[in-house]
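Here come two complexes built around subunit A, the first alongside subunit B, the second alongside subunit C.
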Partner chain A sequence: MNFGDRQGKWVVDEVKVPDACGLSGFINLDGKRIGGEIVRESMSVMRERGNGLGGGYAGYGIYPDFKEHFAFHVMFEDDSGRRICEELLREYTEVEKGEGIPTRQKCEIVDPPILMRYFLLPKREKLESENLEPDDFIVQLVMKINTQVPGSFVFSSGKNMGIFKAVGFPEDVADFYKLESYTGYTWIGHGRFPTNTPGWWGGAHPFNILDWSVVHNGEISSYGINKRYLEMFGYKCTLLTDTEVMAYLFDLLIRRHGLPIEVASKVVAAPFWEEIDQKEEGDKLEESLRMVYGSALVNGPFAVIVGFSRGMFGLNDRVKLRPLVAAVKDETLYVASEEAAIRQICNRPDNIWAPPAGEPVIGRLKGDA
Partner chain B sequence: MMPNNFVPSEFIVNVDHQRCRRCKRCILNCGFGVFDFQNMTTADSSKCVACHRCVIFCPEEAITITRNPLAFKEHASWDVRLRKAIWKQAQTPGMILTGMGNELPWLNIFDHLLIDACQVTNPSIDPLREPMELRTYLGRKPEKVSVSNSNDGFEIETPVENNIKIDIPIIFSGMSYGSISLNAQRALAIAAERLGTLMNTGEGGLHNELYPYANNIIVQCASGRFGVHTEYLNAGVAVEIKIGQGAKPGIGGHLPGEKIEREISGTRMIPVGTDAISPAPHHDIYSIEDLRQLIYALKEATGYKPVSVKIATVHNVAAIASGIARAGADIIYLDGFRGGTGASPAIVRDHVGIPIEIAIAVVDKQLRKEGIRNLVSIVAAGGIRQAADVAKAIALGADAVGIGTAALIALGCRLCQKCYTGNCSWGIATQRPELTGRLDPDWGAERLVNLVNSWATELKEILGALGVNAIESLRGNRERLRALGLDSTTMEILDVKPAGR
Partner chain C sequence: MAELAVDSSNEQSIARIEASGMHYQEINEKVRSLIEQGYLRIVLEGVNGQRYIGDGLTSNVDIVVNGVPGNDLGAFMNGPNIFVNDNAQDAVGNTMNAGKIVIRGHAGDVIGYGMRGGKIFVSGDVGYRVGIHMKSYADQIPVIVSGGRAGDFFGEYMAGGILVLLGIGYENKEVVGTYVGTGMHGGTMYIRGDLKDWQLGREVRVFSIDDEDKGVLLALMEEFSDDTTVDVGNLEISDFLKLKPFSHRPYGDLYVY
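Coming up: the complex of A and B.
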């Protein structure tokens, strides 16, 4: 089995890996579910943006039969890690169902780890004894497994959604996971171009915590302080990838601090003082945001697509140093690194544009969807 | 009879009599009385401190100052410095006094830290063509903001108040009126206003003439409480409680009565000619809870302006800083063991305290560990010599830095370390009217503005190379520093990796 140089020590304090990538995502605002082969199709035209060392997908609405359960996707280096992890899951959660993640044997993907999924709920007495909300409980459980159980890595932990990722080109990853057998209202895809890693399955995108999925193109020049800032709130950045930092920041700002996406975007892609100084007297929002959240400003080039249970958004850094294109056709919002990736799956968009630096493109499910 | 003084002159002053046109400017300019005139200019080398005032102002470039080449028998253990100290102490039983910062060749950690830059995978940014933001806010910040959604868009429910906005993360350190001249303080105040930053009164009160610069002034309240009254406390944008000073941790101060002339007496609120003695501790602060009382007394007195607490960096600085943050301070001003002073016993200046680099690292780490980093801003001072040090201090975790010695050097200071004599030929550390009058505040301000703007430009260049366009992305970003030639324990304390990793 090949886990690259992380073999036997998945959680290590090593060097951070810069990488670049291709992204594509879409959401049907009516909640209509679409097959996973569509996002594969979109990604296939951006093969040049990756180098075959990481590809992955997030699908939302794919587990309607277990939509109240947290769906854990876990990779194991070997059976011993799996045994310890499953023991831990039994101790802390009620596992409704545990099974192997279905994969296609004959394809380009080689040497997969053991891939399992568990539909589970936190044990009530554990929630009470630790005095935690279920979401925070799950975050802590994921952190615990990923930092303390050797050779185990939870790469998906949301409800009615799932992450599928591997070392390989995005199309091959889709084939490996039989993506065409799932249907979802949001799909996000990613092809990776890491610059100095042999590729580790856990390092592929999307990165996920709870319902938050992030695919990311860029390198965060402010990584060091973003990481230290997150550590103050109990996040442990174990993967040493920029994307992990992105995911945790959105989790902190939006879920825990209750900031709207539009406001959280002004934190990670802060407007310049020159612009803020032109605000009316008394409009202190942006000034205060920069004062309080300066350490959460994500500086350096990035384009991200973030999925969450009822929506999706795309965002560029404050000076737009990486490409991002958006389009709308009927009830579907598309965001991708390249226009070609959108046109490949959407013939005649109603509108197609390049979102300005720092301005989020947001799609939310309609009220009853 | 045996001579009493065994210490030979440190420097030799040489006047080229062929070039000298006997204008006597050197006699006027020297604050230390080196020169005399008897048919021709003569020099008493034993008084020379190498402040170069005569050299710079001689129109004929006739004066040269050289180190006294007198040979001492080499001895690796008995350094000449030590032998001279013993001769002096055998001559009189007093402590050896000195001025400015630590002069011993301790390891300078700043000089063992290297800054990162972008290549390929993330682009560097050109500061000449793109905005590059240095604005900094000093003060307490909430952990998060609450936002409400109205028809007009998003509104903040409780804006962040009580912070001091500075355009550049460099402020002037506290240097009292008394230790330096009023003209030197004027230059600092004018420069602070023009730069959009701050000067600090030090512990000598605020002269009436400087009240117009109040928006750019931090007023200090030290153990001697000189010049502290309600109007003074309310004059500036913040109040600083000075607990300690990097150059002399744990000890107080002494401004001799000879320097307490009328203006200083009025400003400090003490009689003319009396010694101004600052006790070693504040006698109302013997514990952290006492500090808390003074912090809140000052807040009550000022309508809750930010309160800064200045401490010398000592071994247990992280825990002390945590206590200060919890005691209600808004700013912690860390003064490292290289910090300057107008007067200090050499033994304390050279041997007490720890480097500012270490202090920033451990304080920032401790406050983060406790989840209270947002409660205070960290200002780091005591050994900031250049823009690279500013960048490194900020990357280690400081919000801003304070500069004192660098500012004085900009005004002409040659680091002769004789501030305590009150003879400063450059009109800085003196109260002799014929000397202070030569420091033109506007000229001085211009030089200070140039210096700080030059550093700001260099900082922007560094930020651009790092691929970030706001100072907050460098702040605490130790990932962008690497160590060269530091031991592994020091690197672990600094939380900085070795170059190559």
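Coming up: the complex of A and C.
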């Protein structure tokens, strides 16, 4: 596939967008599915963290009837982009089902783009001719649509999961997408406070590629370095928000390079050289990671919650410049920007704590879940 | 509308606000109105995440918070006492000038930012950047005491006041992170536990406890224990380290040349 220049009218400017936002996520480690209204309830106590210019959710386990298919959620500026995109999808994939994403008409969300979802599988002959694994094929297809089809953005491309995002407060976004009609074992929510450029639909969180979803509070000052580094591996940043690089970095480090989450965390939130100097003689892991993955270090303040098909984790930058709280109750792990967001949906956790800077809090589905 | 009931059985005049789901602006309007009506103790029930509670109040009222208050609890406060029967979040006592905040649980990051008077007592742990840029003048000496441990940047840019870490439950473990007192140029820290040189900012040094320190610590620990119910009876004063800046104006010559 070739990458072309994107010409959509939605391009505002080639600048990054730092933000100061609210995050909340939880995972049931038994794989028990919970209604989307619960994450909406959690987000509602952090309204002050956002300003109504972006809200969104990721739900995992929400499409059990199509769990082997890649579920594309796509936003279109108009019908012409939609026609081109659907032509591309028909050319490269078998679309099992294509439909409008159900939305509520009477709500606070105004002027939505055309919102469609497609359950699809890569065409076998295309995989063979491109000599690609299905996951890599899908990444390239997403990049192709996002860079070549005017006014079209694939904002969700994983299996048995989906992203729901819009310009609005998180509670209104949940109402718009009828989040209560879905059940998932992991839910992640985000309320946005964009500070440097206008909020737009594609710039709302979560950011997603395959089954990786990232919600972020902070500002990635290494965006330029990270973006250029990712371009060497075929990732194109098109959504005008710094957080996009995090989704691609975790896909690269964890899926493609096979790093454990704990090690990938040391890449993006690398310890300072002073701390590395305190390590025992012979412990070269952190030093090696800094040397090999210098361009994947994410600088600047961040708290992120990352979802993937079999788990969820929360992570802070290395000096904890953004808040993050974690809690456990029975088989559920909670991570949020504020303790209140957890206590709103889990009044008496077994344990509640503030994770240290740069150390991931990880929840993984149990073996048979 | 929220229910408002006056408990007349108590000698003091107590008012209750059922604050569950109420926006912070409404809570603060009610609190101010009750203070004007002469109530001396206001109990907020069902608080969860509402920001700015008690901000900028100047009277000597007691405010009891049941639930988790939101960020900036007691910011710019100048007199009241706030008692929280739960955990608290970030930026408690931001730039407060007088009064007392007691948290019977743990608290988040940036506690007592730019604080210039009054006291903050936290039963348990505190987060990152606690006591950052505290300052003092004459008898305005702000104090923060935590019963547990603290994260990195404890007392960063501290210019005055007293920070105390009791480290209860962290015996033989790290009671504070790194960059302790980075940029510190005034005030005193007392930390019960061990410290490695590399944890300290360049501007601070460790000193031993003298009789004056002992008096300060004993008085603070007694008051802390009374307010939080945390038992401090078996803590040895000799286990504390004192941290002070060794230069009064570390950047005094920075722009001289």
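Following the convention adopted for this analysis, the second predicted complex is superposed on the first by the 356 of 369 C-alpha atoms of A that agree within 3 Å, B and C clash if a C-alpha of one lies under 4 Å from a C-alpha of the other, contacts with A are read in each partner's own complex, and residues count from 1 in each chain.
Everything that follows uses one rule, which is that a contact is a pair of C-beta atoms (placed from the backbone, for glycine too) under 8 Å apart; a residue touches a chain by one contact, two chains touch by 3 or more.
Small disclaimer: the values here were computed from a predicted structure and weren't measured.
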Touched partner set for A:Y223, first subunit B, second subunit C, both or neither: first
Partner chain(s) touched by A:M232 [first = subunit B, second = subunit C, both, neither]: first
Which of subunit B and subunit C A:E274 touches, first, second, both or neither: both
Touching partner for A:V110 - first (subunit B), second (subunit C), both, neither: neither
Partner chain(s) touched by A:L259 [first = subunit B, second = subunit C, both, neither]: first
Partner chain in contact with A:G294 - subunit B first, subunit C second, else both or neither: first
More subunit A residues in contact - subunit B or subunit C: B
Which superposed partner A:K284 touches (first subunit B, second subunit C, both, neither): first
Common ground on subunit A, meaning residues reached by subunit C in one complex and by subunit B in the other: 274, 319
Touch list for subunit B against partner subunit A, complex: 118, 120-123, 125, 130-131, 133, 135, 137, 141-147, 149, 154-156, 159-160, 163, 368, 371, 373-374, 466-470, 472-480, 501
Of all residues in subunit C, those that touch subunit A in their complex: 24, 48-49, 51, 67-68, 70-71, 87, 89-90, 106, 108-109, 125, 127-128, 151-153, 177-178, 198
Residue numbers on subunit A that touch subunit C, as the complex places them: 45-46, 48, 274-275, 278, 319-320, 323, 325, 338-341, 343-344, 352, 354, 356-357
Parts of subunit A lying in touch with subunit B, wherever the complex brings them together: 15-16, 18-20, 195, 218-225, 227-229, 231-233, 257-260, 262-263, 270, 272-274, 284-285, 287-295, 297, 299-301, 318-319, 321
